[in-house]
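One chain, subunit A, links the two complexes that follow: it is found with subunit B in the first and with subunit C in the second.
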Partner chain A sequence: MTSLLKIMDVEKNVDTLHLGPIHLTIEPGTITTMVGANGAGKSTLFKLIMNLVKRDTGSIQLLDIETNGSDESWKQHITYQAQTVIGWEPFTGTKLKDFISSLYPHWNEALFQKIVDLLQIPLDERFAKLSQGNQQKLQLALALPRNTPLLLLDEPTSFLDIPAKQKLMNLLVEWMEQGDRAIFMTSHQSADIMKLSDYIVVLRNGKLMNKFEKESLIHRHRRYWISEQLPEEGIPGEIGRSTRYLVSNAPEQTESFLQQEQITWTQQESLDLEEILTQLIERR
Partner chain B sequence: MQKWKQAWQIAKLELSVSTKKIAFGCLIILGFFPYAISYFQHYLENSVIIYDLFFILFFILGINVGNPNYWHSKQANVHSLLMMQLPLPIKQEIFIKSRFIIHFCFSFPVQIAFLIIFYVASPIAQLLSIPAYIAFAIIWLSVNLYIGTLTPINEVYPANWLFTAAMTFILLFIFLFILSVSHLIFDYGVVELSIIIAENWPVLSSVVSLIIGFTAVKAHQLYMKQIMNKRDYF
Partner chain C sequence: MELPIYLSKTSREPIYHQIENQMKTLIASGQLTKGMPLPSIRALAKDLETSVITIRRAYQNLEYQGFIQTTQGKGTFVADIDHDMKQQMKVAEVYQAMEAAVEIAFKYDYTAEQLKKMCLEVIHKKGGNQT
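Coming up: the complex of A and B.
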């Protein structure tokens, strides 16, 4: 399958953060969520993709077009929704819609109207006068109908209320069903990730740790409740422990070791996604 | 021309919400009109440098002093419309042209209005015939083309208001130096010199001014592109 987005060996120095080397591909039909602590470089990576921030080394290609080259046609194929939008403040939703829709040949007016009705977005008020939640709703209403193959969403639900979040997730799922598209997003909301993501990318201090398939990530993180004393040395797969339990990201190896050492566990369970993400983000 | 038309479509968005900015800028500039007209005779007799300075600044900036976009967005340390439009599928060349159009909309109309009023209300009509005055007008409108078009470049600089203020003071100092040299060497100020040039060589002065002006507009667009391709927009 041809990748929509190819990021190859990209590096960038920003103040004290060294981002990269990043090597990542985004395939059509997938939703990938990038997670990481604040300041890990998530928003910077999005800005590197959009060529708003210039890379020091490496290559970023959208549909095989280098994003820092003279061919600017790649911008027709990507929608970027920043965490904080700048410059929209003086305009009403209607004016923004007229302007943005004129730039995208595949603009879906019916979808725009549907989102506006569903999320009850006031279009006649200036963007600056809208609440943060309504600003975010308007941004989304102006992002999805562009119908570009790739959608970059930086914290798309951070200001949304619970019903709006649910509606948005349904809209994103519907949007994905309409063709060979992909979403690459950042989020701190584990519920969003749980519902939407196919893949999870972990960024830690500017380094891309891995790209995980969500289901296998959940499947391979397990907690074992143990009543006996655990050996002090590390146990295969161990990524955390307390006096009463052991957390592993390699259950087969862990179980085999425990059986070999004749240590029995009283119960085992999957970790919830939030715990797994915490482990991945904070692991030293 | 097609590219300028596309750029106009982009510029229209900002112009549609610029009524207050234009009104504010006009209000500031209105103070300049009576001064420029009533002191003209005094200037001719005494060659006052400050009169030259006001003239130059007016033909560089127009009413851009009333346009907050002349200053950078505090939030992004960059022109805010730039941050809005850069991720959109607008070609860089079209975007740059649109910034120039915004500058021209904030300068040429008021400058042309001033030149018309100046001819009618000041004693300059006694010094210059209509063709010579047209040459005088072209000389001064060209100043906007070759110096004024540095204003949109300011929008993409990695700068804040302190940088802009510092640059403004440096430019003022340079202008004052040039004006002083002009007064010392020729015994005339630049406005007087432009009157003499327009009177004696109306066609040549117009053609040369326009060539320099249009070349500068082209060069400044390329320079703006270079800056945009180098800097980061966080």
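Coming up: the complex of A and C.
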């Protein structure tokens, strides 16, 4: 399968942040979520992809077309939903829809209407007058129907109410099923990540860590409840402990060590995604 | 359509395997019958909060073993499985549950005799014949 998006050796200095070198590919049929602390450079990476921020070095290709070259045909194949949009304030939803739908040859009007109905988005008010939540809903209603192979969503659910979040999940699932498409998104909501993501990438100190498949990531982070005294020195796989439990990211090694030391555990379980991500984002 | 599948955080059994086994049970017990449409891979991944990679693996295994069938463009359906296979599944499920109970009992140092006694008590309590 060929990649929709190929990011190779990309580096960028922005103020005090050095981003990169970044390598990442996005394959059709997948949803990848990028997580990282505030200010880690997630939005900057999206802007680099869109060529809204110029890269210092490296290559970014959408369907094999460099996004900083003179051939701008790639723009028809990607939808980018930023956290904040500039220039929409004076226009109503209807007006914005007229502008945007004319730019995308595969615009799906029925889907737009469906999202508007489902999320009850007011179309005749100026964008500036809408609440943050309604602005975000309108942005989504104007993003999904473009039907581009790649959808970049920068924190798409941060202002949504609970029912809207649920509806959006279903909309995104349906959207994915329409063809060989992919979503690359950022989110701080572990519920979004649990329900939608296949892969997780972590951006830390400007570096992008490996692409993790969600289940294998969860499966190999385990907590062992132990009532005996643990040895002081580090246990293989140990990434945390308290007086009652041990946390490991290498269960096989940990278990064989514990067995060898004849330390028994009363219970073991996988960690919640939120705990795992905290670990990955904050690990030094 | 949603499926009553519950994934265990405490099990070391891989998630795709848990899904596979629970779907077999749903089919063997008749809760899912021949020809019933199954959720798409993406939709089930959302419901069970897994990746599509996991669901695809479970579906592939189920298809390979003849429990489900995928028709291009139409979706995935419960296959026609024979009576013997259903029987085997039922035996396997009960056996697995008993094994798990025995494992816990041994962890607490119960003897085989104590365990047998307990087992008969449970059978009695649930209204079964104690012969």
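Heads up, the rule we're going with is that the second predicted complex is superposed on the first by the 284 of 284 C-alpha atoms of A that agree within 3 Å, B and C clash if a C-alpha of one lies under 4 Å from a C-alpha of the other, contacts with A are read in each partner's own complex, and residues count from 1 in each chain.
Assume a contact is a pair of C-beta atoms (placed from the backbone, for glycine too) under 8 Å apart; a residue touches a chain by one contact, two chains touch by 3 or more.
Computed from a predicted model, the values in this text were never measured in an experiment.
**Student:** Overlaying the two complexes on subunit A, which is it for subunit B and subunit C: clash or fit?
**Tutor:** fit
**Student:** Who does A:204 touch here: subunit B (first), subunit C (second), both, or neither?
**Tutor:** A:204 sits against neither subunit B nor subunit C.
**Student:** Taking the superposition as given, does A:97 touch the first partner, subunit B, the second, subunit C, both, or neither?
**Tutor:** Neither: A:97 stays clear of subunit B and subunit C.
**Student:** Of the two partner chains, subunit B (first) and subunit C (second), which one does A:75 touch, if any: first, second, both, or neither?
**Tutor:** Touch partner of A:75: subunit B, not subunit C.
**Student:** Which partner chains sit in contact with A:29 here, subunit B, subunit C, both or neither? Use first/second/both/neither.
**Tutor:** Touch partner of A:29: subunit C, not subunit B.
**Student:** Once the structures are superposed on A, label A:181 by its partner contacts, choosing first (subunit B), second (subunit C), both or neither.
**Tutor:** Touch partners of A:181: none, neither subunit B nor subunit C.
**Student:** Touching A:137 in the superposition: subunit B (first), subunit C (second), both, neither?
**Tutor:** The answer is neither, since A:137 touches no partner chain.
**Student:** With the two complexes superposed on chain A, say which partner A:215 touches: subunit B (first), subunit C (second), both, or neither.
**Tutor:** second
**Student:** Tell me, in angstrom, the smallest C-alpha to C-alpha distance between subunit B and subunit C in the overlaid model?
**Tutor:** 28
**Student:** State the interface residues of subunit B toward subunit A in the complex, per the touch definition above.
**Tutor:** 9, 13, 16-17, 73, 75-76, 80-92, 229-234
**Student:** Going by the contact rule at the top, pick out the subunit A residues touching subunit B in the complex.
**Tutor:** Contact set of subunit A toward subunit B: 14, 44, 47, 50, 52-54, 68, 72-73, 75-76, 80, 82, 84-91, 95, 99-100, 102-104.
**Student:** Residue numbers of subunit A touching subunit C in their complex, please.
**Tutor:** Per the touch definition, subunit A meets subunit C at residues 29-31, 169-170, 173, 176-177, 194-199, 213-215, 219, 251, 267-270.
**Student:** Under the touch definition given earlier, write down the residues of subunit C that touch subunit A in their complex.
**Tutor:** Residues 9-10, 12, 14-16, 40, 42-43, 45-46, 49-54.
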